[in-house]
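Presented sequentially are two complexes of subunit A, the first with subunit B as partner and the second with subunit C.
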Partner chain A sequence: MWIYEKKLQYPVRVSKCDPMMAKLLMEQYGGADGELAAALRYLNQRYTIPDKVIGLLTDIGTEEFAHLEMIATMIYKLTKDATPDQLKAAGLGPHFAAHDSALFYTNANGVPWTASYIQAKGDPIADLYEDIAAEEKARATYQWLIDLTDDVDLQDSLKFLREREVVHSLRFREAVEILKEKQSEKRFY
Partner chain B sequence: MSIQLDEAYYSLLHELQAIDFVLVELQLYLDTHPNDAAALQQFNQFVELRKRVVHHYETTYEPLLQFGRSNMPVSSWQWIEAPWPWQV
Partner chain C sequence: MSDQVRYFEVFAGPFDPCPPIGYKSFQVPPNHFITFQPPNLPQFQPYEALKLGTLWQPLYSPYGSQ
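For the complex of A and B:
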(Lines of atoms letter the chains of each structure in order from A and count residues from 1; the text may use other names and numbers.)
(Lines give C-alpha, C1' and ligand atoms only; values in the text may rest on other atoms or scores of the structure.)
Protein backbone atom coordinates (compact mmCIF):
# COMPACT_ATOMS: atom_id res chain seq x y z
CA MET A 1 0.00 0.00 0.00
CA TRP A 2 1.00 3.62 -0.09
CA ILE A 3 1.03 6.16 2.72
CA TYR A 4 0.77 9.88 2.05
CA GLU A 5 3.28 12.13 3.73
CA LYS A 6 2.02 15.65 4.16
CA LYS A 7 4.98 17.58 2.83
CA LEU A 8 6.72 18.22 -0.48
CA GLN A 9 9.89 16.34 -1.32
CA TYR A 10 11.61 19.67 -2.04
CA PRO A 11 10.35 23.24 -1.54
CA VAL A 12 8.40 24.86 -4.37
CA ARG A 13 8.37 28.63 -4.40
CA VAL A 14 7.36 30.92 -7.24
CA SER A 15 8.05 34.64 -7.34
CA LYS A 16 5.12 35.73 -9.55
CA CYS A 17 1.80 34.74 -11.10
CA ASP A 18 2.75 33.25 -14.48
CA PRO A 19 0.02 31.23 -16.23
CA MET A 20 2.14 30.99 -19.39
CA MET A 21 4.82 29.07 -17.49
CA ALA A 22 2.12 26.98 -15.80
CA LYS A 23 0.92 25.91 -19.24
CA LEU A 24 4.45 24.87 -20.24
CA LEU A 25 4.90 22.94 -16.98
CA MET A 26 1.88 20.78 -17.85
CA GLU A 27 4.27 18.90 -20.14
CA GLN A 28 5.77 17.39 -16.97
CA TYR A 29 2.36 16.85 -15.38
CA GLY A 30 0.40 14.93 -18.01
CA GLY A 31 2.86 14.79 -20.92
CA ALA A 32 4.52 11.75 -22.52
CA ASP A 33 7.72 12.09 -20.47
CA GLY A 34 6.06 13.66 -17.44
CA GLU A 35 5.88 12.56 -13.84
CA LEU A 36 2.51 10.80 -14.07
CA ALA A 37 3.80 8.70 -16.97
CA ALA A 38 7.00 7.97 -15.05
CA ALA A 39 5.25 6.83 -11.87
CA LEU A 40 2.73 4.66 -13.70
CA ARG A 41 5.37 3.21 -16.04
CA TYR A 42 7.70 1.98 -13.28
CA LEU A 43 5.08 0.84 -10.81
CA ASN A 44 3.37 -1.21 -13.52
CA GLN A 45 6.58 -2.80 -14.81
CA ARG A 46 7.69 -3.94 -11.38
CA TYR A 47 5.32 -6.94 -11.19
CA THR A 48 7.18 -8.87 -13.88
CA ILE A 49 10.74 -7.49 -13.68
CA PRO A 50 13.38 -9.83 -12.15
CA ASP A 51 13.42 -9.72 -8.33
CA LYS A 52 16.76 -7.90 -8.16
CA VAL A 53 15.20 -4.79 -9.75
CA ILE A 54 11.73 -4.72 -8.15
CA GLY A 55 12.95 -2.59 -5.24
CA LEU A 56 14.41 0.02 -7.57
CA LEU A 57 11.25 0.30 -9.69
CA THR A 58 9.11 0.53 -6.54
CA ASP A 59 11.24 3.25 -5.00
CA ILE A 60 11.74 5.36 -8.13
CA GLY A 61 8.04 4.94 -9.03
CA THR A 62 7.11 6.20 -5.58
CA GLU A 63 9.50 9.14 -5.81
CA GLU A 64 7.90 10.12 -9.14
CA PHE A 65 4.60 10.70 -7.32
CA ALA A 66 6.43 13.15 -5.06
CA HIS A 67 7.67 14.91 -8.22
CA LEU A 68 4.13 14.94 -9.62
CA GLU A 69 3.02 16.75 -6.48
CA MET A 70 5.81 19.30 -6.90
CA ILE A 71 4.77 20.00 -10.50
CA ALA A 72 1.13 20.30 -9.40
CA THR A 73 2.21 22.77 -6.72
CA MET A 74 4.09 24.84 -9.30
CA ILE A 75 1.08 24.96 -11.65
CA TYR A 76 -1.27 25.73 -8.77
CA LYS A 77 0.89 28.55 -7.42
CA LEU A 78 1.54 30.06 -10.84
CA THR A 79 -2.17 30.23 -11.73
CA LYS A 80 -4.06 30.70 -8.46
CA ASP A 81 -4.18 34.49 -8.72
CA ALA A 82 -4.69 34.67 -12.49
CA THR A 83 -7.84 36.22 -13.95
CA PRO A 84 -9.70 34.51 -16.82
CA ASP A 85 -8.26 37.19 -19.11
CA GLN A 86 -4.72 36.39 -18.01
CA LEU A 87 -5.34 32.66 -18.48
CA LYS A 88 -6.71 33.33 -21.95
CA ALA A 89 -3.72 35.48 -22.87
CA ALA A 90 -1.44 32.63 -21.73
CA GLY A 91 -3.20 30.17 -24.03
CA LEU A 92 -5.12 28.55 -21.18
CA GLY A 93 -8.53 29.75 -22.40
CA PRO A 94 -9.57 26.27 -23.61
CA HIS A 95 -8.30 24.74 -20.36
CA PHE A 96 -10.24 27.28 -18.31
CA ALA A 97 -13.41 26.63 -20.34
CA ALA A 98 -13.25 22.93 -19.55
CA HIS A 99 -11.67 22.83 -16.09
CA ASP A 100 -11.85 26.30 -14.55
CA SER A 101 -8.60 26.53 -12.59
CA ALA A 102 -8.55 22.80 -11.76
CA LEU A 103 -5.47 20.87 -12.72
CA PHE A 104 -5.81 18.21 -15.37
CA TYR A 105 -3.52 15.54 -16.78
CA THR A 106 -2.66 17.06 -20.13
CA ASN A 107 0.57 18.01 -21.82
CA ALA A 108 1.49 21.63 -22.55
CA ASN A 109 -0.73 21.54 -25.64
CA GLY A 110 -3.78 20.41 -23.67
CA VAL A 111 -3.69 16.83 -25.00
CA PRO A 112 -4.96 14.45 -22.27
CA TRP A 113 -2.58 11.87 -20.83
CA THR A 114 -2.79 8.44 -22.41
CA ALA A 115 -1.42 5.03 -21.46
CA SER A 116 0.09 4.76 -24.93
CA TYR A 117 2.84 7.08 -23.66
CA ILE A 118 4.25 4.19 -21.62
CA GLN A 119 5.41 0.68 -22.36
CA ALA A 120 5.58 -2.66 -20.59
CA LYS A 121 7.27 -5.16 -22.85
CA GLY A 122 7.80 -7.86 -20.23
CA ASP A 123 11.38 -8.11 -21.42
CA PRO A 124 13.53 -6.72 -18.60
CA ILE A 125 16.22 -5.20 -20.81
CA ALA A 126 13.64 -3.63 -23.13
CA ASP A 127 11.72 -2.23 -20.16
CA LEU A 128 14.81 -0.81 -18.47
CA TYR A 129 16.06 0.80 -21.68
CA GLU A 130 12.62 2.38 -22.02
CA ASP A 131 13.00 3.68 -18.45
CA ILE A 132 16.46 5.08 -19.12
CA ALA A 133 15.17 6.83 -22.25
CA ALA A 134 12.20 8.22 -20.29
CA GLU A 135 14.54 9.67 -17.64
CA GLU A 136 16.77 11.26 -20.27
CA LYS A 137 13.75 12.79 -22.02
CA ALA A 138 12.43 14.12 -18.71
CA ARG A 139 15.87 15.57 -17.92
CA ALA A 140 15.93 17.32 -21.30
CA THR A 141 12.40 18.68 -20.78
CA TYR A 142 13.40 20.09 -17.38
CA GLN A 143 16.34 21.83 -19.02
CA TRP A 144 14.05 23.43 -21.63
CA LEU A 145 11.66 24.50 -18.85
CA ILE A 146 14.51 26.05 -16.85
CA ASP A 147 15.52 27.95 -20.00
CA LEU A 148 11.93 29.15 -20.47
CA THR A 149 11.60 30.99 -17.16
CA ASP A 150 13.49 33.79 -15.44
CA ASP A 151 11.88 33.01 -12.07
CA VAL A 152 14.87 31.96 -9.96
CA ASP A 153 12.70 30.34 -7.27
CA LEU A 154 10.98 28.18 -9.85
CA GLN A 155 14.30 27.42 -11.53
CA ASP A 156 15.63 26.14 -8.22
CA SER A 157 12.85 23.53 -7.89
CA LEU A 158 13.15 22.58 -11.58
CA LYS A 159 16.89 22.08 -11.19
CA PHE A 160 16.25 19.72 -8.30
CA LEU A 161 13.87 17.69 -10.49
CA ARG A 162 16.36 17.71 -13.38
CA GLU A 163 19.05 16.29 -11.11
CA ARG A 164 16.70 13.57 -9.85
CA GLU A 165 16.21 12.40 -13.44
CA VAL A 166 19.99 12.16 -13.82
CA VAL A 167 20.18 9.95 -10.72
CA HIS A 168 17.23 7.80 -11.83
CA SER A 169 18.84 7.25 -15.22
CA LEU A 170 22.11 6.22 -13.55
CA ARG A 171 20.33 3.75 -11.25
CA PHE A 172 18.43 2.21 -14.17
CA ARG A 173 21.73 1.80 -16.07
CA GLU A 174 23.15 -0.01 -13.05
CA ALA A 175 20.06 -2.21 -12.99
CA VAL A 176 20.76 -3.19 -16.63
CA GLU A 177 24.32 -4.17 -15.65
CA ILE A 178 23.02 -6.22 -12.71
CA LEU A 179 20.68 -8.14 -15.02
CA LYS A 180 23.40 -8.64 -17.66
CA GLU A 181 25.74 -10.06 -15.00
CA LYS A 182 23.05 -12.42 -13.84
CA GLN A 183 22.43 -13.56 -17.42
CA SER A 184 26.11 -14.25 -18.12
CA GLU A 185 26.44 -16.15 -14.81
CA LYS A 186 23.65 -18.44 -15.97
CA ARG A 187 25.32 -19.03 -19.31
CA PHE A 188 28.53 -20.39 -17.77
CA TYR A 189 26.89 -23.05 -15.60
CA MET B 1 -4.33 25.30 16.94
CA SER B 2 -3.39 26.71 13.59
CA ILE B 3 0.13 26.51 12.25
CA GLN B 4 2.22 29.65 12.31
CA LEU B 5 3.90 29.70 8.90
CA ASP B 6 6.91 31.58 10.14
CA GLU B 7 10.65 31.23 9.75
CA ALA B 8 10.83 28.52 12.41
CA TYR B 9 8.27 26.43 10.52
CA TYR B 10 10.08 26.68 7.19
CA SER B 11 13.49 26.04 8.68
CA LEU B 12 12.30 22.87 10.43
CA LEU B 13 10.50 21.72 7.27
CA HIS B 14 13.66 22.32 5.24
CA GLU B 15 15.73 20.43 7.77
CA LEU B 16 13.41 17.46 7.38
CA GLN B 17 13.41 17.75 3.59
CA ALA B 18 17.22 17.76 3.61
CA ILE B 19 17.39 14.61 5.74
CA ASP B 20 14.78 12.94 3.57
CA PHE B 21 16.75 13.82 0.48
CA VAL B 22 19.73 11.89 1.84
CA LEU B 23 17.48 8.94 2.70
CA VAL B 24 15.84 8.84 -0.75
CA GLU B 25 19.24 9.07 -2.38
CA LEU B 26 20.67 6.28 -0.20
CA GLN B 27 17.58 4.11 -0.69
CA LEU B 28 17.97 4.18 -4.48
CA TYR B 29 21.73 3.72 -4.22
CA LEU B 30 21.31 0.69 -1.96
CA ASP B 31 18.79 -0.80 -4.40
CA THR B 32 21.68 -1.28 -6.84
CA HIS B 33 24.54 -1.48 -4.29
CA PRO B 34 23.00 -3.61 -1.51
CA ASN B 35 26.40 -4.72 -0.15
CA ASP B 36 27.87 -1.28 0.45
CA ALA B 37 28.43 -1.34 4.22
CA ALA B 38 29.30 2.35 4.46
CA ALA B 39 26.07 3.33 2.71
CA LEU B 40 24.09 1.04 5.00
CA GLN B 41 25.69 2.63 8.03
CA GLN B 42 24.98 6.12 6.72
CA PHE B 43 21.39 5.10 6.04
CA ASN B 44 20.92 3.93 9.63
CA GLN B 45 22.52 7.11 10.92
CA PHE B 46 20.06 9.28 9.00
CA VAL B 47 17.10 7.15 10.06
CA GLU B 48 18.00 7.98 13.68
CA LEU B 49 18.50 11.66 12.88
CA ARG B 50 15.16 11.71 11.06
CA LYS B 51 13.31 10.30 14.07
CA ARG B 52 14.37 13.25 16.21
CA VAL B 53 13.46 15.87 13.61
CA VAL B 54 10.11 14.23 12.80
CA HIS B 55 9.26 14.09 16.49
CA HIS B 56 10.07 17.79 16.80
CA TYR B 57 7.99 18.62 13.68
CA GLU B 58 4.99 16.51 14.62
CA THR B 59 4.81 17.68 18.23
CA THR B 60 5.24 21.32 17.20
CA TYR B 61 2.97 21.28 14.13
CA GLU B 62 1.01 18.27 12.95
CA PRO B 63 1.26 14.58 12.04
CA LEU B 64 3.04 13.93 8.76
CA LEU B 65 1.49 10.55 7.98
CA GLN B 66 -2.08 9.33 7.54
CA PHE B 67 -3.72 6.10 8.81
CA GLY B 68 -2.13 6.27 12.26
CA ARG B 69 1.41 5.93 10.92
CA SER B 70 2.64 8.95 12.82
CA ASN B 71 4.02 8.11 16.24
CA MET B 72 2.07 10.63 18.25
CA PRO B 73 -1.21 10.67 20.11
CA VAL B 74 -3.67 13.21 18.72
CA SER B 75 -5.77 15.49 20.88
CA SER B 76 -7.43 17.23 17.94
CA TRP B 77 -7.79 16.31 14.26
CA GLN B 78 -4.97 18.52 12.98
CA TRP B 79 -4.76 16.51 9.73
CA ILE B 80 -7.56 18.44 8.04
CA GLU B 81 -6.85 21.76 9.74
CA ALA B 82 -3.21 22.39 8.95
CA PRO B 83 -2.36 23.63 5.44
CA TRP B 84 -1.47 21.23 2.63
CA PRO B 85 1.92 21.10 0.93
CA TRP B 86 0.90 23.24 -2.03
CA GLN B 87 -0.55 25.86 0.31
CA VAL B 88 2.62 26.63 2.24
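For the complex of A and C:
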Protein backbone atom coordinates (compact mmCIF):
# COMPACT_ATOMS: atom_id res chain seq x y z
CA MET A 1 0.00 0.00 0.00
CA TRP A 2 1.09 3.52 -0.60
CA ILE A 3 0.63 6.86 1.11
CA TYR A 4 0.18 9.70 -1.34
CA GLU A 5 1.65 13.13 -0.82
CA LYS A 6 -0.08 15.66 -3.03
CA LYS A 7 3.01 17.41 -4.35
CA LEU A 8 5.75 16.77 -6.84
CA GLN A 9 9.08 15.27 -5.81
CA TYR A 10 10.82 18.27 -7.40
CA PRO A 11 9.23 21.43 -8.82
CA VAL A 12 8.33 21.47 -12.51
CA ARG A 13 8.33 24.85 -14.17
CA VAL A 14 7.98 25.22 -17.92
CA SER A 15 8.66 28.70 -19.25
CA LYS A 16 8.60 28.29 -23.01
CA CYS A 17 5.47 27.53 -25.04
CA ASP A 18 6.79 24.55 -27.00
CA PRO A 19 4.21 21.80 -27.69
CA MET A 20 6.82 19.99 -29.80
CA MET A 21 8.79 19.36 -26.60
CA ALA A 22 5.72 17.63 -25.13
CA LYS A 23 5.93 15.07 -27.93
CA LEU A 24 9.62 14.49 -27.22
CA LEU A 25 9.06 14.18 -23.46
CA MET A 26 6.61 11.35 -24.09
CA GLU A 27 9.64 9.11 -24.61
CA GLN A 28 10.14 9.25 -20.82
CA TYR A 29 6.40 8.84 -20.16
CA GLY A 30 5.43 5.75 -22.14
CA GLY A 31 8.70 4.81 -23.83
CA ALA A 32 10.79 1.66 -23.43
CA ASP A 33 13.19 3.31 -20.98
CA GLY A 34 10.62 5.65 -19.48
CA GLU A 35 9.40 6.09 -15.95
CA LEU A 36 6.31 3.89 -16.34
CA ALA A 37 8.42 0.99 -17.57
CA ALA A 38 10.89 1.55 -14.72
CA ALA A 39 8.26 1.64 -11.98
CA LEU A 40 6.41 -1.42 -13.22
CA ARG A 41 9.65 -3.34 -13.80
CA TYR A 42 10.99 -2.82 -10.28
CA LEU A 43 7.74 -3.20 -8.38
CA ASN A 44 7.00 -6.46 -10.20
CA GLN A 45 10.47 -7.96 -9.69
CA ARG A 46 10.18 -7.45 -5.92
CA TYR A 47 8.21 -10.61 -5.30
CA THR A 48 10.81 -13.13 -6.39
CA ILE A 49 14.05 -11.40 -5.41
CA PRO A 50 15.91 -12.22 -2.13
CA ASP A 51 14.55 -10.41 0.95
CA LYS A 52 17.65 -8.27 1.30
CA VAL A 53 16.90 -6.20 -1.82
CA ILE A 54 13.09 -6.15 -1.85
CA GLY A 55 13.04 -2.86 0.05
CA LEU A 56 15.35 -1.24 -2.48
CA LEU A 57 13.09 -2.23 -5.37
CA THR A 58 10.06 -0.92 -3.48
CA ASP A 59 11.73 2.42 -2.76
CA ILE A 60 13.09 2.99 -6.25
CA GLY A 61 9.95 1.69 -7.96
CA THR A 62 7.89 4.10 -5.90
CA GLU A 63 10.20 6.99 -6.71
CA GLU A 64 9.82 6.21 -10.43
CA PHE A 65 6.10 6.91 -10.08
CA ALA A 66 7.00 10.28 -8.57
CA HIS A 67 9.15 10.90 -11.64
CA LEU A 68 6.28 9.81 -13.88
CA GLU A 69 4.16 12.53 -12.28
CA MET A 70 6.82 15.11 -13.02
CA ILE A 71 6.98 14.10 -16.68
CA ALA A 72 3.18 14.11 -16.86
CA THR A 73 3.17 17.63 -15.43
CA MET A 74 5.62 18.81 -18.07
CA ILE A 75 3.61 17.28 -20.92
CA TYR A 76 0.34 18.61 -19.51
CA LYS A 77 1.67 22.14 -19.14
CA LEU A 78 3.00 22.10 -22.70
CA THR A 79 -0.25 20.87 -24.27
CA LYS A 80 -3.16 22.06 -22.13
CA ASP A 81 -3.51 25.43 -23.91
CA ALA A 82 -2.64 24.28 -27.40
CA THR A 83 -5.19 24.41 -30.22
CA PRO A 84 -5.64 21.41 -32.54
CA ASP A 85 -3.71 23.35 -35.17
CA GLN A 86 -0.81 23.93 -32.80
CA LEU A 87 -0.78 20.28 -31.78
CA LYS A 88 -0.77 19.27 -35.43
CA ALA A 89 2.13 21.61 -36.10
CA ALA A 90 3.98 19.99 -33.18
CA GLY A 91 3.54 16.55 -34.71
CA LEU A 92 0.82 15.64 -32.23
CA GLY A 93 -2.01 15.52 -34.80
CA PRO A 94 -2.30 11.71 -34.61
CA HIS A 95 -2.25 11.92 -30.82
CA PHE A 96 -5.04 14.50 -30.85
CA ALA A 97 -7.11 12.35 -33.21
CA ALA A 98 -7.05 9.50 -30.71
CA HIS A 99 -6.82 11.24 -27.34
CA ASP A 100 -7.65 14.96 -27.66
CA SER A 101 -5.12 16.55 -25.28
CA ALA A 102 -5.34 13.68 -22.82
CA LEU A 103 -2.04 12.15 -21.82
CA PHE A 104 -1.44 8.61 -22.98
CA TYR A 105 1.32 6.06 -22.45
CA THR A 106 3.12 6.20 -25.78
CA ASN A 107 6.69 6.96 -26.71
CA ALA A 108 7.74 10.06 -28.67
CA ASN A 109 6.70 8.33 -31.89
CA GLY A 110 3.21 7.54 -30.61
CA VAL A 111 3.86 3.82 -30.13
CA PRO A 112 1.77 2.61 -27.17
CA TRP A 113 3.56 1.28 -24.10
CA THR A 114 3.89 -2.49 -23.98
CA ALA A 115 4.95 -4.94 -21.27
CA SER A 116 7.53 -6.33 -23.67
CA TYR A 117 9.63 -3.27 -22.75
CA ILE A 118 10.28 -4.82 -19.34
CA GLN A 119 11.42 -8.17 -18.05
CA ALA A 120 11.37 -10.33 -14.94
CA LYS A 121 13.70 -13.24 -15.46
CA GLY A 122 13.46 -14.66 -11.94
CA ASP A 123 17.25 -14.83 -11.68
CA PRO A 124 18.24 -12.13 -9.16
CA ILE A 125 21.50 -11.24 -10.91
CA ALA A 126 19.87 -11.05 -14.36
CA ASP A 127 17.01 -8.93 -13.02
CA LEU A 128 19.29 -6.45 -11.27
CA TYR A 129 21.46 -6.10 -14.37
CA GLU A 130 18.30 -5.35 -16.36
CA ASP A 131 17.54 -2.63 -13.81
CA ILE A 132 21.04 -1.15 -14.02
CA ALA A 133 20.79 -1.08 -17.82
CA ALA A 134 17.37 0.59 -17.58
CA GLU A 135 18.77 3.34 -15.34
CA GLU A 136 21.66 4.03 -17.71
CA LYS A 137 19.33 4.15 -20.71
CA ALA A 138 17.01 6.54 -18.87
CA ARG A 139 19.99 8.73 -17.95
CA ALA A 140 20.98 8.88 -21.62
CA THR A 141 17.39 9.73 -22.64
CA TYR A 142 17.35 12.61 -20.15
CA GLN A 143 20.59 13.90 -21.62
CA TRP A 144 19.12 13.93 -25.12
CA LEU A 145 15.98 15.65 -23.80
CA ILE A 146 18.10 18.32 -22.09
CA ASP A 147 19.91 18.76 -25.42
CA LEU A 148 16.57 19.16 -27.20
CA THR A 149 15.27 22.17 -25.23
CA ASP A 150 16.65 25.60 -24.43
CA ASP A 151 14.08 26.21 -21.68
CA VAL A 152 16.34 26.49 -18.62
CA ASP A 153 13.49 25.84 -16.19
CA LEU A 154 12.51 22.63 -17.96
CA GLN A 155 16.19 21.70 -18.14
CA ASP A 156 16.44 22.18 -14.38
CA SER A 157 13.78 19.56 -13.66
CA LEU A 158 15.25 17.20 -16.26
CA LYS A 159 18.71 17.55 -14.69
CA PHE A 160 17.25 16.55 -11.33
CA LEU A 161 15.66 13.47 -12.90
CA ARG A 162 18.90 12.58 -14.69
CA GLU A 163 20.81 12.72 -11.40
CA ARG A 164 18.31 10.35 -9.77
CA GLU A 165 19.06 7.80 -12.51
CA VAL A 166 22.75 8.05 -11.64
CA VAL A 167 22.01 7.37 -7.97
CA HIS A 168 19.61 4.51 -8.69
CA SER A 169 22.13 2.79 -10.93
CA LEU A 170 24.67 2.77 -8.10
CA ARG A 171 22.08 1.46 -5.61
CA PHE A 172 21.27 -1.44 -7.95
CA ARG A 173 24.96 -2.20 -8.36
CA GLU A 174 25.30 -2.23 -4.58
CA ALA A 175 22.40 -4.69 -4.48
CA VAL A 176 24.32 -6.98 -6.85
CA GLU A 177 27.31 -6.84 -4.49
CA ILE A 178 25.08 -7.76 -1.54
CA LEU A 179 23.75 -10.79 -3.42
CA LYS A 180 27.23 -11.84 -4.55
CA GLU A 181 28.39 -12.13 -0.94
CA LYS A 182 28.37 -15.56 0.58
CA GLN A 183 25.66 -14.73 3.06
CA SER A 184 23.42 -17.37 4.52
CA GLU A 185 24.44 -20.94 3.86
CA LYS A 186 21.59 -23.27 3.14
CA ARG A 187 20.65 -24.89 6.40
CA PHE A 188 19.70 -28.55 6.41
CA TYR A 189 17.41 -29.88 9.10
CA MET B 1 31.54 -25.60 -7.65
CA SER B 2 29.04 -24.70 -4.95
CA ASP B 3 31.09 -21.52 -4.60
CA GLN B 4 28.98 -20.13 -7.43
CA VAL B 5 25.64 -20.85 -5.75
CA ARG B 6 23.82 -18.56 -3.34
CA TYR B 7 20.82 -19.49 -1.25
CA PHE B 8 18.10 -17.29 0.12
CA GLU B 9 15.21 -18.01 2.41
CA VAL B 10 11.78 -17.70 0.85
CA PHE B 11 9.27 -15.89 3.05
CA ALA B 12 6.84 -18.26 4.74
CA GLY B 13 3.63 -16.83 6.09
CA PRO B 14 1.27 -18.39 8.63
CA PHE B 15 -1.54 -18.70 6.10
CA ASP B 16 0.27 -19.95 2.96
CA PRO B 17 -1.82 -22.31 0.82
CA CYS B 18 1.12 -24.52 -0.12
CA PRO B 19 3.86 -26.10 2.04
CA PRO B 20 6.86 -23.74 2.33
CA ILE B 21 9.70 -24.41 -0.10
CA GLY B 22 12.25 -23.06 2.42
CA TYR B 23 15.19 -21.99 0.30
CA LYS B 24 15.82 -21.04 -3.26
CA SER B 25 19.15 -20.82 -4.99
CA PHE B 26 20.67 -18.72 -7.73
CA GLN B 27 23.98 -18.68 -9.57
CA VAL B 28 26.70 -16.09 -9.35
CA PRO B 29 29.08 -17.10 -12.18
CA PRO B 30 32.76 -16.13 -11.99
CA ASN B 31 32.47 -13.30 -14.55
CA HIS B 32 30.90 -11.23 -11.77
CA PHE B 33 34.16 -11.21 -9.83
CA ILE B 34 36.52 -10.30 -12.67
CA THR B 35 36.46 -6.67 -13.81
CA PHE B 36 39.07 -7.10 -16.51
CA GLN B 37 40.65 -10.46 -17.10
CA PRO B 38 44.33 -10.39 -16.03
CA PRO B 39 46.96 -12.11 -18.21
CA ASN B 40 48.33 -15.59 -17.61
CA LEU B 41 45.37 -17.21 -15.91
CA PRO B 42 45.49 -21.02 -15.72
CA GLN B 43 44.17 -22.79 -18.81
CA PHE B 44 42.36 -26.03 -19.56
CA GLN B 45 43.85 -28.51 -21.97
CA PRO B 46 42.74 -27.51 -25.50
CA TYR B 47 40.48 -30.52 -26.03
CA GLU B 48 38.82 -30.04 -22.65
CA ALA B 49 38.42 -26.32 -23.36
CA LEU B 50 36.52 -27.12 -26.55
CA LYS B 51 34.04 -29.16 -24.52
CA LEU B 52 33.67 -26.71 -21.64
CA GLY B 53 33.28 -23.53 -23.67
CA THR B 54 36.26 -21.69 -22.21
CA LEU B 55 40.01 -21.96 -22.23
CA TRP B 56 40.25 -20.28 -18.84
CA GLN B 57 39.80 -22.29 -15.67
CA PRO B 58 38.68 -19.32 -13.51
CA LEU B 59 35.90 -18.54 -16.00
CA TYR B 60 34.35 -22.00 -15.98
CA SER B 61 30.86 -22.06 -14.53
CA PRO B 62 29.38 -25.53 -14.16
CA TYR B 63 25.61 -25.83 -14.12
CA GLY B 64 23.70 -29.05 -13.62
CA SER B 65 19.99 -29.67 -13.81
CA GLN B 66 18.49 -28.59 -10.50
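The working rule: the second predicted complex is superposed on the first by the 181 of 189 C-alpha atoms of A that agree within 3 Å, B and C clash if a C-alpha of one lies under 4 Å from a C-alpha of the other, contacts with A are read in each partner's own complex, and residues count from 1 in each chain.
In this section, a contact is a pair of C-beta atoms (placed from the backbone, for glycine too) under 8 Å apart; a residue touches a chain by one contact, two chains touch by 3 or more.
Keep in mind the model is a prediction, meaning the values are calculated, not measured.
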item	value
Subunit B versus subunit C as contact partner of A:94, first or second or both or neither	neither
Touched partner set for A:125, first subunit B, second subunit C, both or neither	second
Touching partner for A:6 - first (subunit B), second (subunit C), both, neither	first
Subunit C versus subunit B, contacts on subunit A by residue	B
Touching partner for A:69 - first (subunit B), second (subunit C), both, neither	first
Subunit B versus subunit C as contact partner of A:167, first or second or both or neither	first
Touched partner set for A:77, first subunit B, second subunit C, both or neither	first
Partner chain in contact with A:176 - subunit B first, subunit C second, else both or neither	second
Touching both subunit C and subunit B, counted on subunit A across the two superposed complexes	none
Parts of subunit B lying in touch with subunit A, wherever the complex brings them together	10, 13-14, 16-17, 20-21, 24-25, 27-29, 31-33, 62-67, 69, 79, 82, 84-86
Subunit B-touching residues of subunit A, taken from the complex the two chains share	3-12, 55-56, 59-60, 63, 69, 72-73, 76-77, 167-168, 171, 174-175, 178
Touch list for subunit C against partner subunit A, complex	6-9, 11, 23, 25-28, 32-33
Subunit A to subunit C touching residues, read off their complex	50-52, 123-125, 176, 179-180, 182-187
